[in-house]
Structures are given as C-alpha cells and as structure tokens.
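Supplied in structure tokens, the structure appears directly below.
Chain IDs A, B and C follow the sequence of writing; residue 1 opens each chain.
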Amino acid sequence: MALSLAFTPQQELAGKMPVSLERARAPQYGRYLDEFVPGQVFIHPRGFSFERAAMLDFARTFMQTNPLYLNTDFAKAHGFTDLPASPQMVFNVVLSLGVQNDSEKAIANLGYYNAQFLRPVYPGDTVRAYTKVIDRKERGADKPGIVLIRTLGVNQHDRVVLQYERKIMVSWRGQRPPTTPVPDEPVDFPWVNEAKLELPLTGAFPAHLTGPNTYFEDYTPGDIIVHANGRTITDEHVALTYKVCNTHPLHYDRIYSQGLSGKMSGEPIVYGGLVFAWLEGLASRDVSENALWELGFTEGYHTQPSVSGDTVAGLSRVLAVEPLPGSDPAGIVTFQFIGVKNISAANALEKHGADLFIKENDKQGLGKDKIGDKIFEIERRLLIKRRT
Amino acid sequence: MALSLAFTPQQELAGKMPVSLERARAPQYGRYLDEFVPGQVFIHPRGFSFERAAMLDFARTFMQTNPLYLNTDFAKAHGFTDLPASPQMVFNVVLSLGVQNDSEKAIANLGYYNAQFLRPVYPGDTVRAYTKVIDRKERGADKPGIVLIRTLGVNQHDRVVLQYERKIMVSWRGQRPPTTPVPDEPVDFPWVNEAKLELPLTGAFPAHLTGPNTYFEDYTPGDIIVHANGRTITDEHVALTYKVCNTHPLHYDRIYSQGLSGKMSGEPIVYGGLVFAWLEGLASRDVSENALWELGFTEGYHTQPSVSGDTVAGLSRVLAVEPLPGSDPAGIVTFQFIGVKNISAANALEKHGADLFIKENDKQGLGKDKIGDKIFEIERRLLIKRRT
Amino acid sequence: MALSLAFTPQQELAGKMPVSLERARAPQYGRYLDEFVPGQVFIHPRGFSFERAAMLDFARTFMQTNPLYLNTDFAKAHGFTDLPASPQMVFNVVLSLGVQNDSEKAIANLGYYNAQFLRPVYPGDTVRAYTKVIDRKERGADKPGIVLIRTLGVNQHDRVVLQYERKIMVSWRGQRPPTTPVPDEPVDFPWVNEAKLELPLTGAFPAHLTGPNTYFEDYTPGDIIVHANGRTITDEHVALTYKVCNTHPLHYDRIYSQGLSGKMSGEPIVYGGLVFAWLEGLASRDVSENALWELGFTEGYHTQPSVSGDTVAGLSRVLAVEPLPGSDPAGIVTFQFIGVKNISAANALEKHGADLFIKENDKQGLGKDKIGDKIFEIERRLLIKRRT
C-alpha cells in the first residue's frame, strides 16, 4: 500500500481563526507517586537504534580507553561479531528511555542496584525498554515517597541486554494536573532470573594495544588506585542528555531549573548517567583497559549533583578477585568506585583518607560528616583478561 | 588513470620569499543586492552526504521524539526503505548549502514560504541544492532591498526532496569589494509545480513506541497545546552551524559579530534553522510523535534572534484538520507554531494570551505592541496517523 | 571457544573491607626526559576505527569546504574508492594516539616537520600508531630537554598512511614517580624513506560543486590570501580532544590546568591539532576546495596557546607552484599558512604587515618583536586540480 497525495498550496490560516484560550492544554509526562501501582509494566517510548559511529562517539566523549569500544578490528579479534557498544552506553540509553514513564517527575534518583549486562549490543541493533513497578513506599501525605522499579532493555530479537533496579523519590501529585496515562493492558516483563553471560571469545587476544599492568593478576583486594586525570564537564551535557534519549528537563531547561528550590535549583544538573560515564572513562586506563566485559554494578549513589564547569575525577578500590574455573582466560574483579569533583583524586584521598570509601548514607550512623567533594559511589564487577 | 608521485623532502621556503603586501587579496562570498539578477540560477557548492549516524545525531540533538527518526526498525515497519532523515534536518541542510550564494551577505532572513518535503532522504543519499532568483525589490539607493528566491534540494538521482521560497534583506554593495562571481551559464532549475507525495506505507504501524494521545483524532481546530519543556541553547550552536553546512559568519565568528552594529551585534546569533529545529523537537511529543510525514510549512518568521544561553520553548495551535479520502490511515493537521524564549510556554501564554498568536508583522496595523518574548512563528502541515 | 558464566547476585562488599591507605597507587602516563632513549619504538595504545559519519563530522566541525571530505558521490567520481578522511583528521588522530607515550608529560609541543600523507584512510579502516625516539637533547640538569621523535600511522593492512617528525620539550623526572614502563622488546618501525603517492584518479572531475577561482592556475608565488572568516572556539574543544584520542590533561582537566604555573596555567588549552584543523577549514574555500590531496607540511609551530572563547582566523601566502610533468591534471602549490586570534585576518595583515610572515623564532635574530596575535605558522603542500 502506498500513500499518494497531491501537494496543494498552503494557505495562511492563523489570522482567520479566533484564539480560544480556554482550549489550551498542557500535556505532562512522567508520573507522580499516586500514579505508580506495583505490578504495572511500562513500555517505554521510541527505542534507540545503535550505530557504529554513535557508539564510537559515546566511547570517545566519555574517554573510554578499552579498545573493545574504539577499534572494530580489535573487538573482532576477540571473537565479538562486531564492535560492541560500551555497557555504559547501554546503561545510559536504557535508563533514559525509561525516564518519560519512570522519573520525569521524580525529585531524586536514589540508587542503582543489581545491574547486569547480559549480552552485547552491536551496530544496527535497536534497543527498547520496559519498566515494572516493584514497590511503592509511602512516607506520609506531605512527604515524597520512594518507588522501587525494575527496568530492562531488549534488542530487536527481544533478548534482554541489560536489567537493573532503581529507587526514585517522587512527590504526590497534589493539585497538579495528571500526567499522560499508561495504556491499561497486560504487558509481559521479560526479567531474567537466572541470567547467564555467553561471550563468543577466540581466546587469542591481540597484545600491545592495551596497558601492560592492568590484567587480572594486577589486582589484589585492598589495592587503591588513584586515577590521574579529571574531566571538566562543559555545557555539552545539555545536548548529551537527549543524545541518550533522557527527557527530564532538569538537565536541559534552565527556566525549569531556575523555577526549582533547593539543591537542584539554578543551572541544569548533569544527568547522573553521564557523570558515571565520565568517571568510568577516567578510570578505564587503570582498571578496565583489559576488561572483556562489564558484568554489572550495585549500590550506586549520586551523592552530590554536578553542573557544567565541574571537573570530575575518580578512585577505585579492589574489593574482590575471583578467577574463573578451568582454563578461562579471565577473572572477575570487584571494585569500589568513588567519584569526586573540583579536587584531584590524589588530593581527595589525602584530604579525606579512608572516609572517602564509607557510603555517604552510612556516615550519620557512624558519627561522621558527609563529604561534599564526593559525588558518586558504586560497586562494579568487571571480567578482566589474565596476562597470557 | 592513476596519479603517481614521489614525495620529495619539503624544503622551508618562506624565509627566502620577500613579502609583497600589494599582492594580497581577500575573497568574499555571498552576494550584495546589486549582484542578484532575477532568473539567475545558482548551483550551490559541496553537497551533503546523509549518513545514518548523523541523521540520528541530528534527531537527538534537536530532541525529536518521533521514532521514525530514531529507530530504524520502526521506520522500516512503516514501509520506509530505511531510516528517513527528519524533514527538519533536510530543511536545515538545503537552506545552509545555499547560504554561500544566497545569503552570506544578507542582513536578515525575512521569511520562509511554501516549503514542501517531496520525498524521504535516506542514509547514503547525497543532497545538492539550487537557488533561482525570483524577484529583487529595491527600496531606494540607501536602503537594503528584498530578494525573493526559490531553493530546492535534489538527491543523487536528481529528484527534488524539498523546495521552498525565502525572502532575504540584502544591502547594496557600495564601496565594498565584489563577491566571487557565479559562473555565467544557463542552468536548469527543477522546481516541481504539481508536486505529489508518494510514501510506500505498510498500513500496519507498530504501537506502543509513541504516545496514545497524539493521533489525528486528538486534534480539533482551535486547540492550543502548551509544550511542557524548554531547551537551553548552549555554545553548541556555533559548531552546529556548519554541521549543516551554513557558512554565514554571524553564527560562528565573534569578531565578525562584534564588528556589527544593531540587534545582531555582540555574541554570535543562533542560525534560525537550528532554533526552528529545537522548537519542533520540543513540540514533537505533543504534536508529531505520530506523524507519518511533515508536508511542509509557510509564513515562517524569526521575530527575535537567539544567542547561546537562551532557553527556547513552544506552543502549537490547531488551525485545520483534514482527513484523507478513502481508507488512508492518516490525516492532515495544520498547526500554528509559536516559539518563545527565556520564559516557559505556559507563562508566555498566561502573560500574552491571544496576542501570542497574532503575526508580529500584523501587530502595528492592529495597534498592538510586538512581543519581545516571541522568537518564531510559522504554520506547519503534518500528516498524522489515525488511531487504529 | 565461548565464555559462559552464570550471573550471581552482586553482594555489597565495601563496608566489610577495611581501607588500607598505604595500598594506594597512582599510575602515571607519558614519559619524562630521563625515560626517552633514542632508538626506542613505542606501540601506541588503542587504535582508531574511522567511520564515515565521524569523518563527515570531523570535516564539518572544522569547517572543511572541499567536497572530497563531505560528499561521498563527489569523492567516488574522482576515483577514490570511498569518502577519504581529511588528512587533517588523520594527522589529529595519529598524533593523539601517540600522546600517551610521547607527550603526556611534555611541557611544550615545539614543532611539526616533514609530514607526509601517503595514502587515503577510508570508512572502516582502523589506524594504529608507532613512534621512534630519534634524538634526546639535554640542556642541563635543571632545564627541560628536547626530544625529536618520528611518528607514523598504519592502516589495518600495515600500510603507512601518515608519517611526520615532532619536537617536544620535556622535563626531567626529578622526584616524581616514574611513568608506566614500555614493554622492552624490539619493535619494527615501518618509516618509508622513498615515499610515493598513488591516487586512483578518474581524470574526469565533477564541476560546479567547488569554487571557480581556486584551481592550480589561480595561484602565483607571492600571492597573499586573506581568509574572510574567523571561528570562535567554544568549550567543544574539551570533548574534541579525546574525540581524536588525545589523552593530555592540559586540554580537558581544569583542576590540572589550574595547578600549573606560567602561560599554560588557568583554563584548559585547546589541543594544537584542533587549532590547526579549524584554521585549515577556514582557509579551505580559498586554497583547498579544489585540492586533490594534501601532500604534507613542515615547520609547523604553535606560537601562542588558544583557549575556549578565542576566535581564530588565517592567511595564506603562495610560496611555490609546481606543475606535474606530463598530462597530470594537477599541480603542487606550497603555501605559508599563518593563524591569528581575536583579530580578523584582514586587520592582522594591516596591523603587522610583512612581519606576520616571519617565523616567530627568527624574530629575535632580526631585532623584531614577536607578534602576540599570531598563534600558528606552517608551510603546506597541496596537490590542486588544474582548471579543465
């Protein structure tokens, strides 16, 4: 079937049509606390086609140094079908696709939990996302509540590429107009309970294009690694927000930001996924240049917001190392990963010492002050090549 | 035929060559009023190869939400051969390719008229552009005149993809050096008088990836739709100007801008096509997420310039709805579309009411003040899916 | 061989692992003067996959006007297999890939010499880079020394695409921690001594998409060409640094920059390769729109740093013209190319006259003052089409 239509000259119409102000409507997106119902599944809009150039662009923007994400030949020599998207890009996109349903009205992103990257995303793949509401915790009629959600991304073959949990803080709707309702129909939510990673590796990895000191054997529990460089975040973050399809106006609409009160008021806040991505890139020469895969992460908290002009830097601490059984060419390293801003990582360590590695939410219970220089904390698990 | 050339060591030469200042020349581009001759046809330089990643990048930069421009699978499911470039990108590129001949010496872009998007542009297509001078209106020896031009873009098969008219204000050359002359040879100008749109639709469109409330049936003449979010324009606009191949220094050369007097003096002005693109993206969740095609627009005016740091927002008003005859799965909706800056769309409506929808050029005749918050006005025609 | 791994729930670990501050390490990259040994060869990390969209993006970001780098059809019509990367992009990438070994600890980039572009880089090619240390000139125990290196880039078939020499100024290590050592093994360095350019040209070049006044015949030794427009560099340069894979923190880490003393202290300095690229793009309408190839350059000096907000502009002077023997459709033009900032090229010529074309390093010997407005000087050789 083809649509065929003759163009007619477009006549000017506005002047002849009286304006009826009472006919105005203002569609709202996102969801207030009252609107979340445990069990609900949201099919997120749009989807996101991954293309090689955008994948390379993401890796370079966020200063990724693992050649897997920068060099197609290197990736193929490992056994990947093609250049894989960096897991960080997949995370940024899947979370962002969900914002319109999950958190466009949220007032805080409280934490990321149990993220698992189940399979590679390749050039030409299109990822769609779903969210299931798991729990809604009310804290009284005049206080925002906490919603626990599970979100996952699937590729065009409906195979899950990433799944994770997130907690967000959301206000009651009150007198505000309702948001766009979700179509009310049962939707399958393909969360994978017994997830398995299958990587088609060659076992013969090219040398020389990665550092000599960042193999599995180079990490011992307790090691602290101070990443040398910071990255100054510029206004670029405003455009990057929707480059990954995040629709929350907090990140790109200064008029919106100026209308807020409190810590988020003023300049647009950098979307947290982008901050995580820069920190991860800055750490990559020291901890993940020889990673074969990023298994996932948990207990991820943005403890301070960042704005344009802030310089972010990071430190990693080895929490566990776990060789794979048999002749597998890699092992699992778990890192605690800390981000700071407007101070070098080395100076932050000197200034705050061991306290830098205590979760900010645990500080009060321990009688310690929160660290204002600290912006991020998480635990990450990487699959890292053995030195051959 | 192959060119074969042995490299010889490059000897330093500059020190031995005396400088002859009288040998300096300063090539100028664009065209002064005296240089426009009705009937002339300009073949615009370069051309522009559209690639999938750049198309996705454009759609994301300008916050397009219609999955047709973001999701290759979605586009193909509709019957498109591949991901189509957003018409907004095609417009930005075709206009920009023409700047070197049409408006690089223009002092104002007065209006866009009768734009028609005749066929999709796909990844791998290369677009070239032509302009024909239609009319030159002189307003006295000491005043800039007005030139009416027609511009069109063709793909690599010489098929027109977009055609439109534009009025620009241009000064007499006076004592200034002449610009680079046009080769003086007859050139065919393939304007399409009885244009027809042919879209190879499947008729079976995927649901769930677009909003449930933005189908043809959701629009009634008189409806006013206040788009929720604004977009803060950053310095990114400087680079975006030539990303679409626009060569006017007003948008990227601060030394040039500071040398001007009047409203355009100071910081580089954002190229109007980019402003239109952001406004359209901001409106897209509410009015075009379910569009199958953008037929075109007319009476488009940039009523105030924007600079880096401005936050733009928009409002749409439904002017007409027109079902297609027969069983066609779509109808035509004509919108009046208004852009404002540094005020939310909701506040602009509250502050200015019905006057926001009166063309700025008609204000004086009606005894009304112009609205300084308003930056753009246009009438757009979209082909929007019916709810199935 | 496939790696298969069951995901296990990720347990929070950090709280149970005591922090041992003495276990901190801070890996350093780059190389101090003491660490350079003539004869050493560095295999640079990562590599860089060139993709069509990133190539187009580079050409547009830096305002390239030669359609060879913007229009795939135009390039193929000339006989190129596909769109070639602009030589400027190849130079930026190859230099940047070497920064981690060559100059991440350098305090100044002293000059570029004898650059030769040996063959095109096409979409899908992956470039890797090598450096050989040629000479280390010590100037005393308390002064930085000068290292002369040769760097080259090869494609995935190990064919050299670019080779050049560079001098850098580097400090002694002193009390600072050593950098990551180079693997100590003999490495082949495929520098080409008798280089030859082979271009598969058709000889029938499309007209109309380039300017009519920029053919080989349009240049006469002594001509000075004042390029009309400047380009305001924005914060974009911070991200562009690693878009070409440059790892020097001077360009993206404000905390690092603020910790420096002297001329480089304060805001991040724009990576010189980017400055060269913008200047070249600004000149391209006047001197290289009809170039078939950029043969190379020598005596390239960045005489002043640039920062975000600076507006750069350029002037070219014809130093030599050399027709190719036989029926070849092109000739070689050598240009002296000068960059200035925060002044238009025309005003710079008026203000400084012939002195603008004297190398800044020669000024003292001639009893002349250096020109603070001047930021760059180089001699370039282009292969330019004859008018047919």
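Going forward, contacts are C-beta pairs under 8 Å (C-beta built on N, C-alpha and C of every residue); 3 or more make two chains touch, one makes a residue touch a chain.
A quick note: this is a predicted structure, and the numbers were derived from the prediction, not measured.
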item	value
Residue-number overlap at the subunit A/subunit B interface, same or different (half cut)	different
Size of the rotation, in steps of 5 degrees, that lays the CA trace of subunit A over subunit C	120
Whole-Å gap between the CA centroids of subunit A and subunit B	33
Multi-chain contact residues (two or more partners), subunit A	51-54, 57, 235-236
Touching residues on subunit C, where the partner in the complex is subunit A	1-7, 9-10, 12-15, 17-21, 23-29, 43, 45-49, 51-54, 57, 124, 126, 128, 156, 180-181, 183, 235-236, 238-239, 242-243, 245, 247, 249, 252-256, 259, 268
Of subunit B, residues touching subunit A in the complex	51-54, 56-57, 60-61, 63, 65, 67, 70-74, 79, 83, 114, 116, 118, 194-203, 208-213, 221-232, 234-236, 285-286, 289, 292, 295-299, 309, 311, 313, 317, 319-320, 324, 328-330, 334, 336, 342-346, 349, 353-354, 357-359, 362, 379, 381, 383
